[in-house]
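Each of the next two complexes has chain A plus one other chain: chain B in the first, chain C in the second.
For the complex of A and B:
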């Protein structure tokens, strides 16, 4: 595991070289966060101060935690491995005595964890200062929340990696990426909490790994889900992660046999 | 040279690789490597040369386990490259001149650290080997510089160091001097000669630069249209294709065009003071040509130019083309 920890650290440091980009991202997060909280808090207000269990404070917590996570989870872009598959640079990864999938995900997770510093925490800070969000007063939700957050971030990169492996068979995966972006953007609970969806859509969402990327970590961290329910969510996240990793392993093995690195 | 012994580092038998190439609506098969059989013994330095598209890189990729052969067998370091990928990765080092194995945004030193972790080197071994490579490749000045800010020459040295960090038995270099200036090429070649002498590393090199082959390799494999066109020493390659040597004589007095049996007058300079004569070393000798010249004029000085390897390889291609058409 020392190998993957080292690669994760390298990803972390790599991302630290892109601070201006992180601040631009933060600005965008904050702008959309204000818009999102404006709409959602109005809905809570219209519901007489309560909407499906959300109060103004907990809704604000949802908004700013979800905005803060955006720099760390990957639901919008192709992973670095997709570009390497397309360019053939993935060949270099196969020449190392390490697991190509785990190394690639470790690198992306490292980058994601760094993004918590310039994008995640300030985004939450903006929420606390401007809107006022209700957060738990005990330690346990934060401890469970940290684990859930780590699982969610890792799961998002494991899913993105799986998406990227389509590049072994397709020349261009951008079309697939746009489709993924739309589905994942909605079902992770980025736009509104999954729990505000109509019943049928909520049922679809919870049957996919997407809420485990963002919705569950936010629920655990904000103290909306506690106790054994919180532990159950963590178990569900771990289950999806195991599945995504296993599927990625299979795809990498099959893809490697079709790999045609031409020229140079 | 054939037969699987513990001293065989690379062995290919009947190795082939086809590619499907889309041409409009039609799909045609292109054979990049066509039933090749050869082997490399431990400690050899082999130049693998051929034109663009001759099948060099395809072969290298199959040896390294990143491309699955269509047919035939390949063993590298006694392992099956595709099946034993991770094991093999610990025993070989590969540099693709056009692809980087370094972490683009991080200082060079970091890349070495990460690769050392990937190869499970102990801290002590990591430090000793890194120090050695930094010193012999003269990388001390830019260890802290992010890879993306390195010059090409600096980066190639770092790439070679990265491939050698785990002391591989076999170093495969795919176009290592591409784009390098004369001085950078020279330094890299000197390093490789030294590395081989000190560690006995087997070297397999593809290149378009015949200087690389002349200075680094004691054996040459010429590949043409996916097939082996020549296997032997560099000198032997010249002899095989009957490349001409050129005798250049400086005369005491200007002289008319020399007519020498078994040699061809190429040109005169200084009104006939210096004359160039080409001869086929298989048909006559330099001594005989010189003796014939001496009968006609006073020779002050002479040089003999060896055939240019580019020329030799071109002749191999031409020979293969005429024999196949």
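For the complex of A and C:
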């Protein structure tokens, strides 16, 4: 266990070396945040100040928390492990005395956690200062929210790892990745809150692990979901994480048998 | 004389044509992979469409002064122009990687303009999937909406698609020029390249003042789809962006290209070589 904690810390430190990149990301997040809050707040206004349980304040919280999380969760790109599977370097990783899947995810989660500092917090700051987003006044939502956030970030990297393992069987996973990017972008609730979807699409979304990546942590952290409901969301997140990790482990073991490394 | 000029022109484009033809052949070689890519880009377009549909369906009739079908006209125009620009110019956006690895040096050595070489170095045929979806949405929106058809509407439509395409291409070139300076901070350009795409599909009436300045005028995204669509629909437009401004889309495109070429020139001159 200690070795994975150290890999996680190393990932955290690695990311701290890319500060200009982090601030560039923040600028992009802030632009998208302003674009999203413009249309979503108009939507809440037109609905008479309340829409599907969202007020202007909680909608702003949704916009800026979701933008702030973008540096930490991975819903777009293949993890570095996928590149190593493609190049065959993963064969070296198999020789190391650490589990390939856990080590890879720990590294990515470490980087993601660091990104909360230069990208997550300022994004929330922009939201509080510029548009007056509502945040809960009690301590409990923050405590539960922190756990939920950690679960969501880890789940996103566990899912990305699972996606990357497809590379054991396919030569080119780009088509798959583009597909994943589209579906995940919609169903995590990044584009619009899952709760604004029409009923059938909401049902599909809730049946997938994607809302557990982003929508649930935001709901818990912003105090939109509280009490036993919040605990239930955490349990759902933990369940999806266990499933994703188990599937990744199975895929890694099966893939190891089919892995072909070319060259001398 | 005319024959000589045509001959010289064909001589001029021959190397570009050879490269592009090879890229097209390469992409068609792996048919299964290409089909998966086509499908993938269409799905990305579909999720962008889903966002508009979800938002405007959740709205109480209209959102930002537009109903769902009017919003789809804006979306169709913007999406088609962006997707076409992405197909021809999208790879300019990955210039940072080439600058970092030093492979840009090769382009400096050849006796052709750098930008022309870079643009013609690739073409992403897979984006046809997304363009096809945009065409479908646009046609449906044009049929369902109350458009007063005539030479004016046809001219507006053609102008909007050409100018929108030009503006999105200009954004890619501006981003490319800035990559020479930014290197690792590539996401700065995502703010106006992809943020601009996002903005161009929205009704400008919902924009906060800072966004109106940035995406109404600095990067003239409102001219790609929203303003021409408002002219087509006979709607008044937004407070700072009245519909009649839509007729000035060519001026907006010229402005975007002026910025793009200045950024590009600054970037190319700034580059010191990969040290190879």
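Definition applied: the second predicted complex is superposed on the first by the 263 of 264 C-alpha atoms of A that agree within 3 Å, B and C clash if a C-alpha of one lies under 4 Å from a C-alpha of the other, contacts with A are read in each partner's own complex, and residues count from 1 in each chain.
Everything below uses one rule, namely that a contact is a pair of C-beta atoms (placed from the backbone, for glycine too) under 8 Å apart; a residue touches a chain by one contact, two chains touch by 3 or more.
A quick note: this is a predicted structure, and the numbers were derived from the prediction, not measured.
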Partners on chain A (chain B, chain C) - clash or fit: fit
Which of chain B and chain C A:10 touches, first, second, both or neither: first
Partner chain in contact with A:28 - chain B first, chain C second, else both or neither: second
Partner chain in contact with A:96 - chain B first, chain C second, else both or neither: first
Included angle at chain A between vectors to chain C and chain B, based on C-alpha centres and rounded to the nearest 10 degrees: 90
First (chain B), second (chain C), both or neither touched by A:42: second
Partner chain(s) touched by A:259 [first = chain B, second = chain C, both, neither]: first
Which of chain B and chain C A:172 touches, first, second, both or neither: second
Which superposed partner A:196 touches (first chain B, second chain C, both, neither): second
First (chain B), second (chain C), both or neither touched by A:77: neither
Broader residue contact with chain A after superposition on the shared chain, chain B or chain C: C
Minimum distance between Cα atoms of chain B and chain C in the superposition (Å): 11
Residues of chain A contacting chain B in one complex and chain C in the other: 18
Residues of chain A defined as touching chain C within the complex: 18, 20-21, 23-25, 27-28, 30-32, 34-35, 37-43, 46-48, 51-52, 172, 174-176, 178-179, 181-183, 185-186, 191-192, 196-198, 201
Residues of chain C defined as touching chain A within the complex: 30, 33, 36-37, 39-41, 43-44, 46-47, 50-51, 54-55, 57-60, 62-64, 182, 184-188, 190-192, 194-195, 198-199, 202-203, 205-208, 210-211, 214-215
Residue numbers on chain A that touch chain B, as the complex places them: 2-3, 6-7, 10, 13-14, 17-18, 88-89, 91-92, 94-98, 103, 256-257, 259-264
Chain A partner contacts - residues on chain B that touch it in the complex: 19, 57, 61, 64-68, 82, 85-87, 89-90, 92, 94, 96-101, 103-106, 110, 113-115, 117-120, 146, 174-175
